[in-house]
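Next up: the structures, one after another.
The two complexes that follow have subunit A in common; it is paired with subunit B in the first and with subunit C in the second.
Let's look at the complex of A and B:
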C-alpha cells in the first residue's frame, strides 16, 4: 500500500513536469500581464519612475476621450468592411480556384497567396507607395486613364486614411480566408453535385443549395476570426498611417501604443489596454458564443 | 448564361491577380532604378538596366545584421516553443490528471486575447529581469504567444493517436518520458511540422514586441530594421524599395519551394479536423 502511494506520487510529479515549462512561460508572459495592466490603470506612471496612485482618474479621462471612442469606431468600421470585402472576394476566388482543374488556376492560386507571406510592416510600407500623392501607383493610374478628378490624398486626408488602411489590410489578409473556403469546398462530397446535375440545377443553384449550406460552418468560423481579429488589430494600419493624420485612423491598439510608448503615459495606456481586453472579452462571450451555437446548428442540419 | 457567369468570375479573378501582384512587380522594378531615373521617368517604365546597386547599398548599411538577428531570435523561440508545446500537449492529450481540463482551457483562452493588452506589463517585466534591449528578451513573449495555437494543434493530434502503442509500451515497462520520446513525438512529426511552419512565419513577421523591447540598431530584427530604414531614407524611394524587397525575399523564396506545406501550416490553427 505504502509502496503504491509513493509510486502514485512520483507519477504525478512527472506529469507536472510535462506541463510546467509551457505553463511557467505562459503565466509569466501572458496571464500575469492582464491583471497587472488593470492594476497599472489606477496610476500615473511614465514606465520608469515611481507610480502615483490616482484612483479612477485614467478611467474618467478614458470615458470622455474622443480619440479613444474614435479609435473604437474605427475598429468597428474595420470589422464591418473586413467582413464585406474580405469574405466576398475570398469566396469568389475560392469558387474560381475550385471551379476547374486547369494548371492556370493552380498557378493563379499560388500568386493569390503571396501577400500572406509578407510581414505587416512590409505590407504597410508597400501600400504607402500605392497611396503616395505625387508618385503613388493609385493616383498615377487615375491620371493615366484620364480620371484625374478622382485623385485623392489617400493617407493625408483625415476622412480617407482609415479606409485606405482597411483596404491594405484586406489585401494582406483575405488570401487566408480564400484558403479556408477552398479547403471547405474541396471537402464537399462530389455525389451531391452529381445529383444536382441530374436534377438540372444551374451553377448558381448548385452554389445556393449545395455549396453554401455545406460551407456554412466554415463561413461562421471565418466570421468569428474576423470579429476578434478586427477588434484587436494593430499591424498594417500602424505601419501605414500610425493612426494619423490628426488621430483619424487610430485603432484601439494603436492608440494604446501611442499613449504608452509615444507619450510614456503607461497608466493611461494600461486603462486603454484593459478597456480593449474587456471589449474583446464581452464580444467573445456574447457574439462569438452565439455564432458558435449557430455553427453547431448549421453543421448538424 | 452558364458561360457568362464563368467569364465574369474569371475576369474578376484576373483583376485580383493584377491587384495582388502588381505592387510587388512595382517594388522590384523601382528598386532597380537610380533615384534620378525614378524621378524623371514614368512609374510604369521598366528599369533601364538590371541594376542591383540599391540592394548592395542597403546590405552595406547593415541590413544583413537584421537577418542574422531575425534568424537567431526565430530559431531560439521555435526550439523552446516546440519543446514546451509538445511536452504539454502530450500531457493534455494522453495523461490523466486533475488539472488537465482547466489548464487546457486556460491555454485555449489565450487564442482570443489581444496581445497588445500585455505590452506595458511585458515592457516592465523585461526591464526588471534585465532583458530589455536584448534579442533573448523577445523569446519569452514570442513563445508565450505561440503556445495556445501550438498546444491546440498538437493536443488534438496526439489525442487522436490510438492508445494501443502506448499500452504495449507500458506493458514493456516504459515510463512516461520514454513513451513521450519514443512514441508520441515520432508519431506527431506531421503536426509538429505544421506548428513549426505556422510559428516561423509569424515569428519572422513579428514587429510590435521588437518595437517596444529593442533599442539598439544592431539588435533589430528584419521588420524593425526595415521600419527604421524607412524613417532614415524615406525620400530615396528606389533605395527603400530595395530594403523592402530584401525583407520579404526569404519567406517568398521559401514559399516557392514549400508551397503545399506552408499553406497547410498557415490554416492549421483555424480548421477543425
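Let's look at the complex of A and C:
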C-alpha cells in the first residue's frame, strides 16, 4: 500500500479507537435500554420474580388508561406553557443583559442564573414553601396586601396543581435559554445594527428584522430542547406534588415511575416508557421537519 | 520525566489498592473454633434515630451478657428498602435466622403461606410466654392455630382525637370523656362551638393521603362493623367496596368537610412536614385525629401544647352497627419470626423468648411511653395521656388494621387516591366504584 493510504487508515483507526469507549457507553446506556424496554412491555413482571409473556395486554390497557392520557395532556400543557413563558421571558432577559456594558448588567446576569444552579429537589422544597397554604410566602403576601380572596390551595387544588408546578419549572429552567439566546445574539455582527440605525429602525423593528432571523437556528434548537424536556419531564413536578392530588398533576414520567417502582409493574412501566419514547420521537421529527421548511423561507428573505 | 511517571504510577496503584479494600464487609459470620460461638442473623427496620433502635441495642446487650456464646447480628434497613429486601429474600428462599415482618396479610402472612417460618406455639405454651400477651395481639399473628411470630420492641398503634384542653376551656367546652366515644350530636356541637369562636376544629394535612384514611377507616368501622372491610377486601369475600357502609363513610366525611371541620386547603397541606402541627401549636386549630405517636411529637416539638393535650375516642355514628369501642391501628410490636431453614432454631427461639418476656426489657419498653399489649403494665405508665390511650385501646374488642397497608400496592394507591378525592368533594359512590374496579382488576391480573 502507498504511504498516504496507510496513514489514512491509521488516522481512521486511531479516530475509531478514541471514539470507541464513549460509543460503547452511549450504546449501552442510551441505545440498548430502548428496545429492551419495548421487549419488557410484552411481559407481566414485578421486577423480582418470573417474567410472564402476555402479548399486547399491557398496551391494550395503556390505550384505555385514563390516567396515562391525563398525564399526556399535562405534558402538552407543560410543553405549550413552557414554550410561551420560558422562551419569551428568556428572550427578553437575553436582550436585556446583552448590549451595553455596565457592571449592573453583569450582576443581573449572575443573579438570573441562580435558579439554574439549584438542584431540582431543592427547587421543589423552595416552591413547596412558597405555595404552602397556611404560612407560605405567596398566600401570606396576598393576605398582607389585602388580596386575601386570591389565596388558593396552590398545590392541593386539582385544578391548580399542574400550573403551580409549571411556574416553578419555568423559573428553574429559563435561565438556561437566556444564556443560549444571549450567546446567539452576541454573535450577530454589529454593522447590521448600525445599518438598521441608519435606516431609522425602531428597537422593535431591529429585533424583528435583524436579531430574530439571525438567531433562528438557536431558536429552533431551543424549541427542540424544550419539547423533549417537557415531554419527558419528571423532577420538579414530582418533588412538589408527586403527581397529585389524585393524579391531576401527573406527568408521563411520574406515572411511569409510580407504576414500575411503586406498584412493581415493570411490564406496564416499560410500555409507558416505550410509548413515551415514541411520542417524543414523533413530535420532535415533526417539529424539525416543519421548522426546516420555515427556515428555508426565512433564509430567502 | 521518568521520575514523575513513576511517582504517578505508584500513586495510582495505591489509590486502586485502597479502592479494592474499601467497603469491606463489617462483622459477618465468624465461627471461632475455640468456644463454639454462634452468631444469629436478624433483620429489622430499627434504623438509627428510631426509638426501636436503642431498644434493640439494649436488649441485645442484655442477652449477650448472659449468653456470650450466642451473638446477635442485627441488620437494619429503612422501611421502603426493607420491603424489597424481604421480597427478594423470600423469592430466593434465603432468610436469616430471625426475620422481621409487618403484622397482617401484606407482609407476615406471605411468609407463613410460603412455609418459611416456624410455628412457635409449642415453645410459647411453655414457661408462661404466651400468657404475657393480650388475646387480640396473639390473634394477629396466628394462622390455622399456629403462632408464627412473637411481638416485641414497639408498641401497639391506636388512633384517637387529641385536643388542646386549654382551647376547649377558652371557648367554654367541657372535657370529653377519654374512654367513652361521644354521641354524634354532642360531637358536632363541639365542632360548632369551636368554629363559632373562630378556631378550626381539626389541624389536618392530607397531602400524603394516609391521614385522611384514618377518618375513612373509623367511619367505615362505626357504620359497617369490623367485617365490612374484610368482606370487601378478601379475594373470595362476599362483599364489595361499593357496599353501602363504604359510601356512607364517604358521605360522613363530606358532611364534616362541608361543616368546616377541617378548615381549608387540607388536601394540599402536608402532614409529614409538620404543617398541621404548626396550626395546633399556634392555637389556630384545636384537635388532631392521629396515631398515638403524635403525642411524642408534641412533647418534643412544643411541650406547652403537650402539657394541655388530652384525648377522646372517635364518636359514635347514628345507625351504625360497629362496636363503638373498636379502634383502628396496628396490633403492635415488631413481628419477629424464626426461619424454618435456620441452623439454630432453638437458640433463635430462646433469644426471642428473652426479648419478649424479660422484665427489664419489658419495663424499658413500657417506660418509653408506647402502648403495650402485654397485660398488667398500665400501672407502670407515668404519663396520664398515654395511660388513658392504653386504657382506651385495651377495652377495644377489635382493631381495624391500616387498610392502606393491607391492600396490595396497586389497589392501596387507588384506595388512598379515592379517599383523598372524597375529601376533595368527589362523589363517594363513584370513588368506591373505581376502587372496586381496581381491586377486581388486580385479582384478575394476579390470577394469571
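The working rule: the second predicted complex is superposed on the first by the 267 of 301 C-alpha atoms of A that agree within 3 Å, B and C clash if a C-alpha of one lies under 4 Å from a C-alpha of the other, contacts with A are read in each partner's own complex, and residues count from 1 in each chain.
Methods note: a residue touches a chain if its C-beta (ideal position, glycine included) is under 8 Å from a C-beta of that chain, and two chains touch if they have at least 3 such contacts.
Just so we're clear, the structure is a prediction, and the values are computed from it rather than from any experiment.
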Q: Return first, second, both or neither, reflecting whether A:250 touches subunit B, subunit C, both chains, or no partner chain.
A: neither
Q. A:135 contacts which: subunit B (first), subunit C (second), both, neither?
A. both
Q) Is subunit A touched at more residues by subunit B or by subunit C? A) B
Q: For A:75, decide between first (touching subunit B), second (touching subunit C), both and neither.
A: neither
Q. Which partner does A:227 contact after superposing on A: first (subunit B), second (subunit C), both, neither?
A. neither
Q.
Contacts for A:158 in the overlay, against subunit B (first) and subunit C (second): which applies, first, second, both or neither?
A. second
Q) Where does A:34 make contact in the superposed view: on subunit B (first), on subunit C (second), on both, or on neither? A) first
Q. Subunit A residues touched by both subunit B and subunit C?
A. 48, 135
Q) Tell me, which parts of subunit A touch subunit C in their complex? A) 44, 48-49, 52, 54, 128, 131-135, 153-158, 161, 244-247, 258, 262-265
Q. In the complex formed with subunit B, which residues of subunit A make contact?
A. 11-12, 14-16, 18-19, 21-23, 25-26, 28-34, 36-37, 40, 47-48, 89, 92-93, 95-96, 99, 108, 110-122, 125-127, 129-130, 135, 137, 140, 144, 171, 176, 179-180, 183, 202-204, 217-218, 221, 225, 228, 231-232, 234-235, 238-239, 253, 256-257, 260-261, 266, 269-270, 273-274, 276-277, 280-281, 284, 288
Q: Would you mind writing out the residues of subunit B in touch with subunit A in their complex?
A: 1-2, 5-6, 9-10, 12-13, 16-17, 19-24, 26-27, 30, 38-39, 42-44, 80, 83-85, 87-88, 90-92, 95, 97, 99, 103, 106-107, 110, 112-125, 127, 140-141, 143-145, 147, 151, 175-177, 180, 201, 204-208, 211-212, 222-223, 226-227, 230, 237, 240-241, 244, 247-248, 251-252, 254-255, 259, 262-263, 266-267, 270-272
Q. For subunit C, which residues count as touching subunit A in their complex?
A. 84, 87-88, 91, 207, 209, 264-270, 273, 275, 278-279, 284, 409-410, 413, 417-418, 420-421, 424, 426, 445, 448
